[in-house]
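Each chain gets a letter, A, B, C and D, in the order it is written, and its residues are counted from 1.
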């Protein structure tokens, strides 16, 4: 498995009765397949995984797997707070056809989530997983930080092949690249710093804005790889305002609103999340209008 | 329902095969019933609720309810990240005999967890709950803060009767008391500031150290209520070092180690939590030796 | 020297040409002498000390000393970033008649401001000071925290007699009281938690709102000392909204605006501080109207 | 004035009697002139400016100016907490020959240090300054953040020509570049992210490690400018461990120790700063041994 380029962490459609809607999911995925995306993550943070129970998770994985062809990476988020629940979710995802799993750090018992705890947790998951494991650090949501020292240790596990780092701290991405072997894949999780992350050694990105503006994200990747840094920097700069809106400002509700605006029909977020207010829809529409790939 | 005094948020025993152990739970509860505790919380943060799946949760609630008599409060933690899962857990807890539920704030999607989101979430849960609802704010673990403004709104719901505030910020407890009607019960969740929390209007506490040193905790409460502030302050001071060890320093693993030291047999924490190291057991033993209520 | 009760950390009047105005200072002090204040701090944080150069500091100290009689405590803020500048300022303050000095922690080189550094700094200052020294911790402004461990060490110095703790963390005040001898005076620096601070052992407070509502502050102190806790708590509650406005919300500019509203004529803050906007003056006027001691 | 490349923010030598030592300063500067540095900053944060009084500041500026030739940039740090003191220091620095001044944000009254306050402060300083002004944001030390919105406004002032951003947040540097005209010079202040900062548009750096390993820093700059990104990234990676030691780990005392190890004789830091312990000297010696430019 070699990940590179831009992957989309897709949202989970819910209908107006707060049910996971696999019909909408299949339709949206069919559209995403037309974009320059090297793969998909279902049930990541953007997929509202923490709001989805295990039965629905199975339905979502099965439905998505049927649509995604073998030449695209199909990755499933399976992080849970307990090690045993993470292993159970990982095995089910593998049974249902996941190419790899993306395992968010547990984060509730913050003072106890030391590097030692993370190493034990991930080693147990990787030992039990039938498919390759990607580490996943998202400090802004979990409140804990998977540090390069722990990642160095875990990178030597034969079934741990890479990591998604969703922090915008480029120095930490540089540290992760420096602290791991060349074949360990560090993937950026923040679109606002995608270009500098690639500069310091990230091999690609799993980027929420890629659900909406895949071309723009892919261009940052291709230009950087081609050594056309000035253009990459310029393209990155155009990506920043929308990335802010879909990240810290409006989050998953903003992403769903943006996707609905451009014809993906992904429904509403699950409570306690709520649709963004009407004013935010206007702000998003204006930000989207600046991208050529989006039809007026 | 009128809560006051000291309630114990009890841990969930797990056996050496990482299974919830209801036999140990019943035995420990029988011992706790001999202590000056006005009630019990099962499946709170201290009960490692985030590491327990729904099937086990049911078994734990049923087992505990059978042991706890009607003259003690029996409260079940039912907070989940999604509103619908919280409602389901709440209904099951009520069916199994909970007197009330303690509902921790959702906290994953931090930027979206505004006062509005909390009000919608808790109102939906309280509307659906067959038993009274207690709000539960534990910023150190969730990374979000349920502010007095939201609590004021929620306090007017007929089925929301009180709140556990686990932050050590006495000013926030004073604000909560000031911002809610007299019959809304604010309970302290931090033993290190139990006495000043009572001074500013908390009606009692749900305190992890009360699982170990119930007498000392109850004495702080009784002395303060009797207006014997100097003595209350002195008693509080003796409580602080152990409370630190069982809270920020060693957390739930520390509490389980302490309980095992004093004869409660509550097993080990669930991975990724791990038992405290041997050195910590020594530190805990020394801290416990200072309490008369604990037999040498 | 025995400090107790309520002291006022008075602001420094500046005129419209950005000059320290000792005439206004004398007049305002004459009015403050009529209030139930046990002493005064000049050139504390509230006195905009960091915006005042050494020549002006001397003028301000001399002018204030002439007005304050011997039966009120007269304390001068002399904290500087370097140890040698702090010693120079301390000696000058003593020459000009300070009864004691209040020495804010240095705070610029945050990672180096360890307990060791604080112990060295304060010991050198106390060795050189002709008058008693009060430690001063104000984490919200300095970004560093003078911890109880360091204070324990420093409390054994014969010339270090007490401490002002301006953090609202009541647990830290309780820790400071517990960690120091009985004759070491811990003074609260935050009016919003004055009553609980007294509960856990503070001997008094140096409180910015006391410049405006001295009676209300003094009443909290007297009621608590008399064991009338319910009334003290009620009085404290009335103090909170104004204390918030004069603290975190509007700061020194808010205090100056409030004082000007009630007839103290203390001029404007020094740039880069600016007078509060007109809307804030209205908010302050409303908050002040709730205090009987302020004439309508 | 066009700044680019690598500038050194030099430390201020103090002798064993805690006096500023201009003889040592001249000698050290003579050595630095042999390195590939495009300019020097005296009395910046690294120069312990907050520990130096105005008389000593004048002596230091005069001494340094005499040594630095006209073809190197000579910049003086003149930030103070009050606007009027900053203007006075700025005028004196200009009289003594500064080519430009570097003005750190005031930071004591944190809640009041809004973008408005910064705009007023810097505009007043720039209006009064005989030489160009560089803004200077160092959130880790000041606790305040000069945001891109304020910088955009200030960049239109004819006498404000650039900015040193000492935060390691590459996204903020990218924002500053995007938010200002092309001729506004953004300089990186953190060596650990120098290369990615250059990628996103910084024109150079004012880097404490450049006092010790100027060649290595200059190489990162030259390689990036030449489009040799792989090599620049590799060179950057070698710079990181030492930069961490001279920054967050040991700070100015660490820089002085390192310089003394490689023959610069810059004395000791001023109290309350203290020399690093012996063990740190060993760590620094090992880190320095990895740089070819340092003679064994």
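Criterion: contacts are C-beta pairs under 8 Å (C-beta built on N, C-alpha and C of every residue); 3 or more make two chains touch, one makes a residue touch a chain.
All of these numbers come straight from a predicted model, not from anything done at the bench.
The most distant chain from subunit C, with centres taken as the mean of CA atoms, is A.
Homomeric contact subunit A/subunit D: same residue numbering on both sides for over half of the interface positions.
If you average the CA atoms of subunit A and of subunit C, the two centres end up 50 Å from each other. Put simply, the C-alpha centre of subunit A and that of subunit B have 35 angstrom between them. Residue numbers of subunit B whose C-beta contacts span two or more other chains: none are found. Considering their complex, residues 168-171, 174-175, 178, 192-193, 195-196, 199-201, 227, 229, 233, 236-237, 240 of subunit C touch subunit B. If you check the complex, the residues on subunit D that touch subunit C are 18, 45, 50-53, 81-85, 106, 108-113, 116-118, 120-121, 124, 140-143, 248-249, 251-253, 270-274.
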